[in-house]
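Each chain carries a letter (A, B, C and D) given by its place in the written order, and its residues are counted from 1.
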Amino acid sequence: MALAIMCSGGDAPGMNPAIKKFVDYAFKRGQKHYFIHHGLEGMIDGEITEASHSDVAGILHRGGAIIRSSRSKRFFEYEYRKQAFENLKKYDITGLVVLGGDGSFRAMQRFSEEFPLNFVGIPTTIDNDIYGTDYCLGVDTALNVIRDALDKIRDTASTFDRAFVVEVMGRECGYLAVVSALASGAEICIIPEADFNIKVAEKQLLEEVAGGRGYILAVVAEGTGKTAEIAEWLESTIGLETRVSILGHIQRGGNPTVTDRLMAFEFVIHAIDHLLHSRDANKVVYYRDGAYGLMEIDDVVSHTYTIDSELLSAINLID
Amino acid sequence: MALAIMCSGGDAPGMNPAIKKFVDYAFKRGQKHYFIHHGLEGMIDGEITEASHSDVAGILHRGGAIIRSSRSKRFFEYEYRKQAFENLKKYDITGLVVLGGDGSFRAMQRFSEEFPLNFVGIPTTIDNDIYGTDYCLGVDTALNVIRDALDKIRDTASTFDRAFVVEVMGRECGYLAVVSALASGAEICIIPEADFNIKVAEKQLLEEVAGGRGYILAVVAEGTGKTAEIAEWLESTIGLETRVSILGHIQRGGNPTVTDRLMAFEFVIHAIDHLLHSRDANKVVYYRDGAYGLMEIDDVVSHTYTIDSELLSAINLID
Amino acid sequence: MALAIMCSGGDAPGMNPAIKKFVDYAFKRGQKHYFIHHGLEGMIDGEITEASHSDVAGILHRGGAIIRSSRSKRFFEYEYRKQAFENLKKYDITGLVVLGGDGSFRAMQRFSEEFPLNFVGIPTTIDNDIYGTDYCLGVDTALNVIRDALDKIRDTASTFDRAFVVEVMGRECGYLAVVSALASGAEICIIPEADFNIKVAEKQLLEEVAGGRGYILAVVAEGTGKTAEIAEWLESTIGLETRVSILGHIQRGGNPTVTDRLMAFEFVIHAIDHLLHSRDANKVVYYRDGAYGLMEIDDVVSHTYTIDSELLSAINLID
Amino acid sequence: MALAIMCSGGDAPGMNPAIKKFVDYAFKRGQKHYFIHHGLEGMIDGEITEASHSDVAGILHRGGAIIRSSRSKRFFEYEYRKQAFENLKKYDITGLVVLGGDGSFRAMQRFSEEFPLNFVGIPTTIDNDIYGTDYCLGVDTALNVIRDALDKIRDTASTFDRAFVVEVMGRECGYLAVVSALASGAEICIIPEADFNIKVAEKQLLEEVAGGRGYILAVVAEGTGKTAEIAEWLESTIGLETRVSILGHIQRGGNPTVTDRLMAFEFVIHAIDHLLHSRDANKVVYYRDGAYGLMEIDDVVSHTYTIDSELLSAINLID
């Protein structure tokens, strides 16, 4: 019997600390341990190597994932899943730690129902939109990258009378946008989960601009598709020269923060402990109300994450 | 009736976000609100000003505290406490938010027993050593400053065969040292709360160095006073050229992280809400097991913080 | 007789160190010294204050400009220029240090021909596109902000097979784009001054992708307007999933680097020295071939900056 | 005939960009190219490998040197130098690029006199103390790391009445200390090349503290050995609570700045061009008055670097 680790889907800061802890902790527990490179694609193609301490030396502070990730269409076909399983069998791999999101967990669930395999998922996405956990690996680093960008903009903003629109990641979830807006004191925040009452904002902002307000900072979640629209509105209706930044992939990059490193370590320890102690597969590690635990994969994939209502109540504020 | 905010004792990142939220939230709740500048010294000398939005514009990302802090010997004398109270009375200040640590809370407790005054303390110290709360304001920023330093050292460490000793803050508490050592994969961690078994470490390190280990990273808590001793031991006994860094005050500086901003906001909101809803003074806000609450000041000052045993169990590991 | 300093046009990192040195050095030279706030608009409206050491304490590391900047349409009218001059006369200001670009220098030239006034311009723009100087204030900080963004993207890029398009500032000048692309090893760089031979690049990239190249990093200067086009080409023709970042205003923000602080100091010292030693107005400070000097304002505004041909020769390389 | 690159002596930021450019440019010029790992020690032990593009992918932003460095006592003995030369001969290496300082250049000079070998040295040290060049690789990154530390300290300094003593690197040269002190507005700077007139400073500081000065920032070069003494003086004579930071090895670490990357590229291009065009060995690349060139190794090792007198004249200023 042996353990393996794999990244699947979008990348997020914290993957490398998780990979390092996987090697260290599996070694400590006396288990053989492998890397599956390049995600599900690599599993199909047999890109599996035994992992050693030297592979993970000096990677804690590096962004990305040294074992790479992928999205796989082939894995939807039984034939390829069978081929993937044959590859695992060669190395006697029966326990799998998977860093990924909803889609990856769903794929693994099906896989583990068809073949004798245990897996534990570690929720990993900067969107923080996986059901059942308060925290997904990568979020803290992403938030601090955004904070750094917003600080740079605000620092110079007072020099000019301007509006700034900053688009942050988040396809269906406004978590990054809301928390960034709060942490940086943005005046406007546009997210998929809430209507932006443009009439109310317009009235208030026009009054404030008339009263001397020099600048406005708006944070827009990518998934709303409203970046250009908000910029146009600020320029023509509110009457401020407006500048747009689209942060894009820099949010997924960078040196993992202390929180993302510690979360990575704890997630991996709980994942390996579960794989070693229990025959009960298909779990996802969670962090909720200050504690770690394991939840059913069914729970995760059959529910949709909803943003905390307290966060939602905060976003219409203009301070 | 009016509210005031004050910083007392050592500075920590997150004070400025707390000060900004104090102004915004007191305003939202319709309360008059004041700054007490320069801590207890300023309270004695009447350095009190009405706070406005413009005072706190653009301060979220600045280190330090715009209203300054102090330590006060005069405040131990009744005469000066009376004078301080007279100053508060001039502005009708009856509720006080105090950013500080054990010593400051103790001083405020006595003060509030002698005079009709409510206060709520917000645990603020990068040492994270206040009883009853999992988190003290400033810790996350300090940890990430230390991480940045350790990353820089580790990044170049493989270039040379060397040992590095890094002294971090923590007079009586090894929290910063332990968490930094874990997050950065340091081989050695020396803290006040635990004996360092030098014989065990020596045997293991000599074996590892003989086996090719090129470098060693040791994190030492300031309070142990052992920085020079450990450096000497690494150089003469373990046989590696050794370099020392003493990080010092840079750990208290810098732009507050997202976590420290959000914690500052929540601590302040809970503090003001309590001051407005209750006549029951002398509380300290806590964050424990994922939730906020208020604890008796007696509890805080009559107990001593002890470091989490799980953290302690981790520090003798050499990975 | 007194000196004044003013920011005009777009903001750039390094303005605050220049403002601080202006105060310190004018004081050292025994001159009365003033701030003109809010650029030419503030000069028209009489926003002039005497500058003191306490105004500039602790500003070296802050982005933006504490005295703010502006663009002014009114200044094109003689009547307002006259009004501006009357304001200067009130304070006996006869020497003016102006942080700005071509447009601002042209405005000042006219102003100083009409009224008895000396000014020295300090070339200040992250675009680095002012004729006659190798360096404009703010460039080094902007380049390092872009580098940080490109590093974050590259760090994670190997995790996935992707193309990344990063749009950087530069309306008519590709300096930032070229230097950033070189410093970060980008495969593609698109600037206003050079044609991008898409056929050559296409052939080479298709070969490389066929040969296993996993990712491509393209840096595009804003002024080309080709960001979307290049992204589309990489996605559909080259066949890589493509992501776009538009860095925007974060490039103007942030803590000035050591180079920008030292350049700011030198520029200001040369400007003040010239104003004090010479009745010969209308100069711009330059830094060329490792030395500082003063050039005629006519030279600056009658020539167009052209990018260094050695830089141009480097940008078609794919490494 | 083939080229090789080697790091020797202390590490400095910018080594990895130089190593990357060496591979790219030697390839472009059609030369076989090798890495000598682990400096002179590795040359003796035959740690030589052919270099490829994949070795240097993604290293531009990493601190340290992927080919490592060393100091070698064995190389002082002829026998080992002969052995080193035999190793080079195996690979037909006749041209060598050496990243290092005075000591390394001296060793290489002797080596190249004894054996048929050309080498070009690239001045590489954060101390910036090599004769004949205005710039040594690594300096800009080190200065910005120090700036970041001093900014963190200054940011919080106003919160308290304190003195801060920060020790920076520089064994015999105060360059880092002087430039850092200037760039950060430190009040005191202590370097090996200049006497610190403690009586004058004492008088002035006591007056200023009496007049309300809250804090003092002192930058001390490591080589003076006066860190503790200055701290003691500030505490007992000037009367301010004083804190010490010893930055240590973090100054050698971290992501190379844009300047260090571009300097690394240019230094390497000039070094390789010289090795290919000329039989005239034993040169060191310089950057002086804005231009690159090659100087005799004899010049470098027979002269001592002296700090710029303009810098010296600035350090006694208290602003």
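Assorted remarks:
Methods note: a contact is a pair of C-beta atoms (placed from the backbone, for glycine too) under 8 Å apart; a residue touches a chain by one contact, two chains touch by 3 or more.
In UniProt terms, the chains line up like this: A, B, C, D = 6-phosphofructokinase.
All of these numbers come straight from a predicted model, not from anything done at the bench.
The minimal number of chain-to-chain contact steps leading from chain A to chain D is 2.
Any chain touching chain A that also touches chain B would appear here, but none does. Averaging C-alpha coordinates per chain and comparing to chain D, the farthest chain turns out to be A. Chain D has its Cα centroid 35 Å from the Cα centroid of chain B. Chain C and chain D have Cα centroids separated by 29 Å.
In this assembly, the C-alpha centroid of chain B lies 39 Å from the C-alpha centroid of chain C.
Residues of chain D in contact with two or more other chains: 151, 154-155, 158. Contact between chains, per the stated criterion, is found for A-B, A-C, B-D, C-D. Chain C contributes residues 7, 11, 15, 62-65, 68-70, 145, 149, 151-161, 164, 166, 243-250, 252-254 to its touches with chain A in the complex. The residues of chain D lying in touch with chain C in their complex are 20, 24, 57-58, 60-61, 134, 140, 143-144, 147-148, 151, 154-155, 158, 179-180, 182-185, 255, 257-259, 261-262, 265, 288-291, 319.
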